[in-house]
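Shared chain: subunit A. Partners: subunit B in the first complex, subunit C in the second.
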Partner chain A sequence: MTTAQQKTALAALLGATAVIAYPFLFPGDYLLGVGITAGALATSTVGVVLLLGLAHQLAIGQAAFSIIGGYTTAILCIDYGWDPFVALVVGAALTMLIAWAIATPLLKLRGFVLVMATLGLHLMLIVVAYQLPITGGAIGLPGVPKFAILGVMHFTGETDYFYLVWAIAAVAIVIGLNIDHSAIGRALRALAASEAAAASVAVDIERYKVQMFVIGAGMASVSGSLIVHYLRAIDPTVFGFAFSLNLVTGTIVGGLLSIWGGALGAVVIIGLREVLRELSLPLWEAMIMGGLTVVILIAFPRGIVGFIGDLYDRLVGARRDLRVDVTPPGAVPLASFLAEDKDTAAMLEVADAARAFGSLRAVDGVSFAVAPRSITALIGPNGAGKTTLFNLIGGYQPLDSGAIRLGGREIGALLPKDVAMLGVGRTFQNIQLFDNMTVLENVMCGRHRQLRAGIVEICLRLPHARAEERETRRRAENALAFVGLRGAEDMAPTALSFGHQRMVEIARALTLEPRLLLMDEPASGLNDTETEQLAELVLRIAALGVTVLLVEHDMRLVMGLADHVVVMDHGEKMAEGPSDVVRADPRVIEAYLGREHDSAA
Partner chain B sequence: MNLTLFLQLLLPGITTGCVYALVAVGFVICANVSGVVNLAQGEFVMLGGMAASWLAVTAGWPLVLAILGAMLVGAALGALQEKLTLAPVRRAPPFIQVTTTVGVSIVLRGFALVLFGTDPLSLPGFSGDGVFFVGGAVMPVQSLWVWGMTLALLAATFGVLRYTDIGRAVRACSINLQAARLMGVDAERLRVIVFAVSGAAGALAGAVVTPIVLSSWDAGISYGIKGFVGAIIGGFRSPLLAVAGGIGIGLVEAFGAGYISSGWKDFIVYGVLLAYLLIRGGVFRVGRAAFAAALANPMR
Partner chain C sequence: MTALLELEGVASGYGRTKVLHGVSLTVGAGEIVALIGANGAGKSTLLNTVMGLLPASSGDIRFDGRSIGRLPTPAIVRAGLGQVPERRQLFGTMSVEENLRMGAYAVADRVAVAASLEEQFARFPILRERRRQAAQTLSGGEQQMVAIARAMMARPRLMLLDEPSLGLAPLMVERIMAQIVALRAAGNTILLVEQNARAALGIADRGYVLETGRIALGGPAAELAASEAVQDAYLGGQGDRAALEQRIRAKRRAILGR
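So, the complex of A and B:
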């Protein structure tokens, strides 16, 4: 069992014990009500973790969705006599439908703009609740029945309802954990760490953002329904601005980056409120929670749960040094992480590509072709336009004119993630690993292109999703072994040497099962031994049938490796051919070394 | 169209719009020197109103002193916010920085709640609670104070920005923070000054409108959001456009309330905000520019 699994098991055990014991420790309707509120809130805060902590979407008007769920429940139960459970499900479905409809345009907004937009949405809904006849205006809707499920189970006692609410919170926690530990969790953390690298492994960020938004909305809706059944009434002040803020501050204090942090945050905020009430200081709640939030953001961004986690690591000694075992080449079956039967080769064709920045023509009408299964190098002095051309191929910058074709297909207009989706892997000049994940998770991120499990399968950890996860792990482990880093799986990327970090990046790109591998100055920052290992690795990669295109400064590396060399200078192609021919070309020598016997111009 | 009704909506709309305009200018200037959108901006208006009322009415200070006191409170809190909460997270991801300002806004709300309680506070008009008539529309005399103070503050702001060293430094920072630093602009000190001044200006605005609209601990968020609309209309670049945006929102609010429904007033204003944000959304869309930036600067 890894330490992460130990922690999850321990948290689940502690949480379950606390919930089961609570009614015995704190009997009486009032204190049970406090527990019920905390449980209902925890369902919401798990959604906040998914949205804020994982997807980094600053949507802080979550109570808007509690309004929709709460009022739907109240109206259906009071006016139409529906079963509360059915009303809760219908309310959640309606909320998620609305959330889905608004998510795509709304999530185009970023950062503080999204904060304001979601707050605006929430305040608009409060006005609606005040104004519409069906929502009962300022008085609201009294007379909501107690909770029941399909007329079979009735939750008349507070203890029964307490357990039900926490059972539902547990379901939310499990769904949250499943997402967090899935490819979606990795994708969103990848995005937070490096947008460019996330796109390089075909992570479809927009889709995951929308999914987290919709799931978070559903959780807020269920939470709203549960609270309404406890209060037996709803009015526009129940899910007000303060409610939204409580969800956010509670989650931050509990631990924004952990599902458990969300649940704990709900308990902390409700607990604090009760303590202040006992002390007759109810007005202090906002100030204390706000203050705690600021202090935690500054001093301990991972919140209480992060603090406890570190403490656990220290006590159990989880941070012991891990040995990296450099595997001899050939010990790993080559095809164990690449597709075995597919034609992995591809032909890249750059035709008259051009890109200007203002009046600077960084790439000015360059054409060349990369033969299948070859190693092609793109060289040239600083400022020759190599990296720009590279970014054009990867989709990181748009073409002004010309065309780029992969296996005959035009890819010049595609975005990075779509280029990656076609099987173009890449590494970066300045290494871009995801520092918020382990080495193995980094490499696992490469497999997004092949993943098919749907969001429901992932939320519920259905067999298909599980099998896919196992397969991803197996292939990532093999890729790590292939680059010679067996044993580094659970390390943080930052704990590795620079050379090893580059290997991890290559392993990640290989897990993509690339037809074409783009390497941007792979030898930069490496020492001589590391450069030799790199060269050997590139040859092994090419031997697998992967076409390699690299931009490089290190002429020794290029001349030893490349079948074909393209030389650029001032944005134009200056020469092209087999490496020994290019090396002898006087124009190339001039561009690199300057003109011999330079006569005064 | 009924001219009296029109004026009766237009003039108060301009009055509240003035406050939104000042908040908007605060947003723009703070964002440009610190790189953070200070979501606590509206709370300074609220605190200014509360502090002035409390000092003048409860503590019995002379009005001028009470207003100066409120401005001092605003300046001190603004400087403290920058020094204590924003400076430590300067290197944190933007996401954490924005959330920190949300935390500060909650603290300020809580602070007002603890200090002044839940009841709204009021303040007598600076030159009495009289009214005057414009084309049949009735206006409190205090409106003149609001307009005059807004004009004075805006004139001072633009004057400082244009003609003083500090103003030039602020403008330099807003064009290129890195370059400004290299030219010897002490960005840290400048931020503290700008936050203090914008805190004081917000507090002054709050004090001046309180005789008309009262002041309550939970009013800051509405000032904040509406001022934000003004700022975003100016694209967070131009203080002048921000002023226009702020007054525009005040007018939308007033005419929405008058011609459509006062109950739906906020719905209309926030609806306009949302519609505007979504239409302008293209500006903030994840695009290739973001990727290019990430490639150029891996240390983000």
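So, the complex of A and C:
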């Protein structure tokens, strides 16, 4: 069991024990009611973790969705006599539908604008609840029945309902954990660490953001219905701003980056409130709650769960001495992934490509072709437009004019994730690893292109999703061994030397199973020994049938590796040809290589 | 030669990870001192510790005879140290001139700032042409010039340069190194951290080799460049520089058969 699995198992064990024991330790309807409220809130805070902690969307008006769920439940049960469970499910479905409809425009907003927009949405719904006849105005809807499931199970006693609410919270936690440990969880963490690198491995981030928003809304809706059945009534004040705020502070105090943090946060917030009430300090409640929250956050910046996790690592986690079993690149073969070559004459064709920044013509009518299975190098002085051209090919910047074709297909207008989807991998000049994940998880991120499991399969960890996850892990381990870094799987990328970090980046790009690999100055910052290893690795990759295009300043690497060299200067192509021809070109020596290389040539 | 910067047994690192284990070195006024070493040896950690961005857990750092080891970064900058950080760290969306003015942020005297700006434009004429252009649209070499000029704006008595050659074309590396020599000729003192040992030792007066957080060697730059240990570890062996290319070509024939 890995440390992460141990922690999950331990948290589940402790949580289950606490829930089972609670009615025995704190009997009586009032205290059971406190436990019910905490459980209902926990369902919601798990959604907050997914949305704020994982997807980094500052959408904090979650209570708006509790309003929709709560009122739907109340109306269906009171006015139409529906079964409470069916009403809860229908309410959640309706809420998720509404959330899905507004997600795309809403999530275009960022940061504080999104905060205001979601709070505005919440406010609108409160006003609507006050005004509509069907919602009962300020008086609301009294007479909600006790919870029941399809007329078979009735939850009349508070203890029964307490266990039911926590069973539902447990389902929310399991769904949250499944997402967190899935390709979606990795993709969202990848986005937080480096947007460019996430796009380079074909992560479709907009889709995941919408999914988290919709799932979070569903959880808030269920939470709302559960609370309404406990209160036996609903009015516009039940899910007010205080409720929204409690959700967010609770989650932050518990630990925004962990599903468990969300659940624990709900318990802590409700518990604190009760303790203060017990001390008869209701007037001071808001102030003390606020003060305590600030103190907790200063003491434990990653929340209570973050603190406990660190403590566990220090006490129990007796850190295994992680050792990288460094082997020469290619010593472990990589499972082949390229179909038989049916490509046209050129893998990549750049035709009259142009891109200007204001009056600066960064790329000014450049044309060249990259033969399939070749190693092609793009060289030239700084400012010649090499990186811009790379960005045009990768879709990071739009073309002003001209065309870029991959295997005959026009890709000039595509976004980075779509270019990656077609099998173009890339590495970055300034290494872009996801520092918030382990080395193996970084490499696993490369496999988004091959993933097919849907959101429901992932949430419920159905066999297809599990098989894909296993395959992703196996391929990533293989790629890591191929670049020569077996044993580094569980390490943090930052614990590796710079040269090894570059190898991890290459392994990630290989997991994409690229037809074309773009490498932006792969040898920059490497010493001679590392450069030689890099050269060996590039050759092994080319031997797999992958076409390689690299920008590089180390002429020994370029001249040693490349079949074909393209020289750029001032945004234009100055020369191209086999390395020895280019090296002897007096114009290239004059503009770029300088005298040292002149004499060496 | 008076020592401008002295490090004595400095240890430092990130959290519980120790990177430097008792480093001692001196930089004399008017010198270029090169600090070379492999990735991860602790070169940037050393610069960050001198600048007060990382606390030294033990040892002493003296600047002009005065201990600066416990001072916060702004006070160290006021004392006369300037840093050109690794990967330049420009304010990308701001213009070249705005970037330079940020370098003199702590200088209240507007006349002095204007004079300093004029000095930088005289030093790097291309930056005058580009003064209104956003820094991120400049080429790598020009960006390095902005980074150096920005650090010079406050007229530091000691410049710490972190990997100025990183990501630059061979010709541009030569130009930047020539600029650093020109800075010394103008009376500046420079501590130059470089992965490119050949370029750094080529212009430095003295040098130190940092290996896994310790000073392994130190001495006049020419002697270091000639020493077998440095040649083997940092200059690509005794043979000529092209040996690596030949080895790569041999691998290519073996692996790709072409």
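The criterion applied here is as follows: the second predicted complex is superposed on the first by the 553 of 601 C-alpha atoms of A that agree within 3 Å, B and C clash if a C-alpha of one lies under 4 Å from a C-alpha of the other, contacts with A are read in each partner's own complex, and residues count from 1 in each chain.
One rule holds for everything that comes next: a contact is a pair of C-beta atoms (placed from the backbone, for glycine too) under 8 Å apart; a residue touches a chain by one contact, two chains touch by 3 or more.
These numbers come from a predicted model, not from an experiment.
A.B. asks: Let me test your reading of the model: by the given contact rule, A:L544 touches which partner, first (subunit B), second (subunit C), both or neither?
C.D. replies: neither
A.B. asks: Looking at A:G525 after the superposition, I want to know if it touches subunit B, subunit C, both of them or none. Which is it: first, second, both, neither?
C.D. replies: A:G525 sits against subunit C, while subunit B stays out of touch.
A.B. asks: By the touch definition at the top of the document, which applies to A:I149: first (subunit B), second (subunit C), both, or neither?
C.D. replies: neither
A.B. asks: Touching A:R556, do we find subunit B (first), subunit C (second), both, or neither?
C.D. replies: It touches subunit C, and subunit B stays clear.
A.B. asks: Quick one: name whichever of subunit B and subunit C touches more residues of subunit A.
C.D. replies: After superposing on chain A, more of subunit A is contacted by B.
A.B. asks: Quick one: classify A:A356 as touching subunit B (first), subunit C (second), both or neither.
C.D. replies: neither
A.B. asks: Who does A:A535 touch here: subunit B (first), subunit C (second), both, or neither?
C.D. replies: Touch status of A:A535: second partner only.
A.B. asks: Is A:N430 contacted by the first partner subunit B, the second partner subunit C, both or neither?
C.D. replies: It touches subunit B and subunit C both.
A.B. asks: Figure out whether A:Y592 sits in contact with subunit B (first) or subunit C (second), or with both, or with neither.
C.D. replies: second
A.B. asks: For A:Q397, select first, second, both or neither according to whether it touches subunit B, subunit C, the two together, or no partner.
C.D. replies: Only subunit B; A:Q397 stays clear of subunit C.
A.B. asks: Find the residues of subunit A that appear in the contact set with subunit B and again in the contact set with subunit C.
C.D. replies: Common to the two interfaces on subunit A: residues 430.
A.B. asks: How about subunit A: which of its residues touch subunit C in the complex?
C.D. replies: Residue list for subunit A touching subunit C: 330, 357-358, 360, 380-384, 429-430, 497-499, 521, 524-528, 530-532, 535-536, 539-540, 542-543, 553, 555-557, 559-561, 563, 591-594, 596-597, 600.
A.B. asks: Would you pull the subunit C residues touching subunit A in the complex into a rising list?
C.D. replies: 38-40, 87, 133, 137-142, 163, 166-172, 174, 195, 234, 236-237, 240-242, 244-249, 251-252, 255-256, 258
A.B. asks: Help me check something: in the complex, which residues belonging to subunit B touch subunit A?
C.D. replies: Residues of subunit B touching subunit A: 37, 39, 85, 88-89, 92-96, 98-100, 102-111, 113-114, 117-118, 218, 221, 225, 228, 232, 261, 263-267, 270-271, 273-274, 277-278, 281-282, 284-286, 288, 290-292, 294-295, 298.
A.B. asks: Using the touch definition from the top, list the residues of subunit A that touch subunit B in their complex.
C.D. replies: Residue positions touching the partner: 56, 58, 60, 105-106, 108-113, 115-117, 119-121, 123-124, 127-128, 130-131, 192, 194-196, 199, 205-206, 241, 245, 248-249, 252, 283-291, 293-294, 297-298, 301, 391, 395-398, 415-416, 428, 430-432.
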